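Next come two complexes, and both contain subunit A; in the first it sits with subunit B, in the second with subunit C.
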Partner chain A sequence: MEIKVEMDNNVVILKPIGNLVASSAEILKTQVAKLLEKNYLYLLLDLSKVDFVDSSGLGACIAVNKTLAAREGVLVCAGANETILKLFRITRADQKITLTASRLDALKFLQDKALLRSAR
Partner chain B sequence: MTGRALDMRFIPEFANVDLARGALQGICRELFEPEGGSFTDNICLAATEALNNAVEHSGSPVVELKVTADRDGLTLRLTNSGVRFDPTVPASMPDDADNPLGAEGGYGLALVQQLVDSLEYAFRDGKNVLTMYKRYIG
Partner chain C sequence: MNEGKCRILIVDDDPFVAELLAVILDADGYGVDMAENGQEALEKFDAAPDVGLIISDMNMPVMNGLELIRELRGRNGHVPVIILTGNSEISVAIQALKNGANDYLLKDENIQETILVAVDRVLEKHRLKMNNRLLTEDLARKNRELEKERALAHKVQESILPRSVAFPGFSAGTFYRPSDQIGGDFFDAWESDNHLHFLIGDISGHNTSAALLMAVCKGMFSSLGQSVHDPLAVVTAANRLLCPMLNDTEMFLTLVYISYDRESGIMRLLSAGHNTVYLVRGRDLIPFDSTGPAIGWDSDDTWEVLTEPVNPGDLLFLYTDGLIEAENDRGETFEGQLEETLTSFNAHPAEMVPRIFAALDGFCCGRFTDDITLLALRREEES
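And now, the complex of A and B:
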């Protein structure tokens, strides 16, 4: 799995390409740890190029969400296919991690969160 | 379609689970769902979770997966010579009360049990033998 990294203002967009599974889940965690070192707190995980996620990949998403939440950051997963959405639903992870259909929706959600935080 | 089978035997590494899943996806598309679909998704996720568990916990030097197809569906037989473990003991998803933001692991067994139509376990000749069956409803 390869992860492309993009920026949109203060939102970091991670775009994994491939499968997010036991053999690759650590790559995502490592990438996020590097971003946290630089104090990036708004993360968009674009899953539009991910075909398959197993429970290890899901666990990595949950771990990232927890790490960000502990720092008042936010994770949004966008563009997941029906197979991935089903995994989130069965495990109830869809109740813990914000999911949006499109990357644009996710970006808007995160930028609103960032604005709210800066207004505090 | 009767009697079609494929045996895979591999060193228990997650990267090899990826190869086994790829082969299984190919079988599903060849025999049942050319464009993919829920049958393929469900059996591939169940197999992945069962294989991941074998890689992570069994301690077996080799893992074997036998895929047998008939006109009604697929039977997967997963064999390893590691620690004796019965995956048919009822499992549930991790408790939300203990994990308000979600558990990072512990989903595998419950997923396997939810995604297949039947699951049988035997310990034979010093080996764990897990048999999963998924019916294809076209």
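And now, the complex of A and C:
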């Protein structure tokens, strides 16, 4: 699996291509750790090019969400397919991580959060 | 001979060439030994096989260079061999290379310069080859040890799970198959204070950590569930113990926990992020979806508990997602077939479970990528 990285203002967009399973979950976690070192706290995980997320992949999303939340950061997952959404719903991961249908919605959500924080 | 430089055996019936090479190699710090033909070389090699390199002429009486190479390689000797050859004998040298020589050197006026270069090159190549061989052997040995360990872990894990599930008034069938020797699935069943407890769990991943966590969970739930019969109390307590353990890992587990009260005939069911499980009542299926989050994410998490009477003849079917996510060659999952499969087998759970697995095996042609656990329990008709 490869992860494309893009920037939109202060939001980092990570776009994995392929399945988010045990081996790729490690890559995702390493990537996020590097971003946190550089103080990037607003993360958009674009799942539109991911067909399948297994339990290790889901575990990695939850772990990333926790790490970000501990630093007052935010993770939003966008564009997940029906199979992935089902996994999030059954495990109630959808109550832990913000999900949006489109990448645009996610971007707006994250930029609003970032604005709110800078206004504080 | 310098420390670190090997002993070289020069084989040539021409004393002039042999002496010339011996002087050059000796001056460069190598130990040198000489033989006049292949036979003598072989005897010297047998007597002292620590020779680091053989430089041999091709045409010699008694035993020629080619025969010497064949004899050496037949003895499984890895000692590198450089063949000396005249300009007119290149084809012979190539034949020698095909038979296991490592390099060849022209016997011409430049030999004084070329011999040391050739020796260095062949010895370096040989050293790399031997290192590579050692590393490969080491890797194969470690793999064998790892496989042995995993086979042992598989046995231990199997022994952790109940061998059979049997309670008065209930019949049961179980099936457990890790995807690769060890896995993260588990199930358990016990009776205490007139309450039957059944559970099935699935740890994320199926590596060694999942197997270790599976063993911890199995012990934790059965110990918590000895005196407490409320699934919410058991799961809440387990979650609070597990969350700090799983912090900073991406591990979690999904679980269905059922407590059945013999007196009231009612079961209480909690599903922590687990796939839908079923109560089969005649031709009807009552599905039980997840009632709250997976375990290990947040100490404050809580769950809904569902209640349902378990009537005589009712069958509870619990399983892990390896069953419904198995795919056929068209990429379809077994999930679409499960409900029909469940209602079509009106058999004793001990027969039903292997039949469901056989149906799955046929569906996905034996391609299993996840652990699979099945647990079926039927309340017997009262006689």
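FYI, the second predicted complex is superposed on the first by the 120 of 120 C-alpha atoms of A that agree within 3 Å, B and C clash if a C-alpha of one lies under 4 Å from a C-alpha of the other, contacts with A are read in each partner's own complex, and residues count from 1 in each chain.
The rule we apply is simple: contacts are C-beta pairs under 8 Å (C-beta built on N, C-alpha and C of every residue); 3 or more make two chains touch, one makes a residue touch a chain.
Owing to the predicted nature of the structure, the values given are computational and were not obtained by experimental measurement.
Contacts of A:A69 after superposition: subunit B is touched, whereas subunit C is not reached. By the touch criterion defined above, A:V5 reaches neither subunit B nor subunit C.
Contacts of A:A33 after superposition: neither subunit B nor subunit C is touched. In the superposition on chain A, contact is made by A:R92 with both subunit B and subunit C. By the document's definition of touching, neither partner reaches A:L104: not subunit B, not subunit C.
Within the superposed three-chain arrangement, the count of touched residues of subunit A is higher for B, of the candidates subunit B and subunit C.
After overlaying the two complexes on the shared chain, residue contacts for A:L115 are found with neither subunit B nor subunit C.
Of the two partner chains placed by the overlay, only subunit B lies in contact with A:S23; subunit C stays clear of it. Of the two partner chains placed by superposition, subunit B and subunit C are both touched by A:L58. On subunit A, the surface patch touched by subunit B in one complex and by subunit C in the other comprises residues 22, 54-56, 58-60, 62-63, 90-93, 95-96. Residues of subunit A that touch subunit B in their complex: 19, 21-23, 52, 54-56, 58-60, 62-63, 65-66, 69, 83, 86-87, 90-93, 95-97. Within the complex, the subunit B residues that touch subunit A are 13-15, 17-18, 21, 38, 41, 44-45, 48-49, 52, 55-56, 93, 96, 100-105, 107-108, 111, 114.
Interface residues of subunit C facing subunit A in the complex, by the touch rule stated above, are 202, 204-205, 207, 248-252, 254, 273-275, 289-290, 292-294, 297-298. Those residues of subunit A that touch subunit C in the complex are listed here as 22, 25, 29, 54-56, 58-60, 62-63, 89-93, 95-96.
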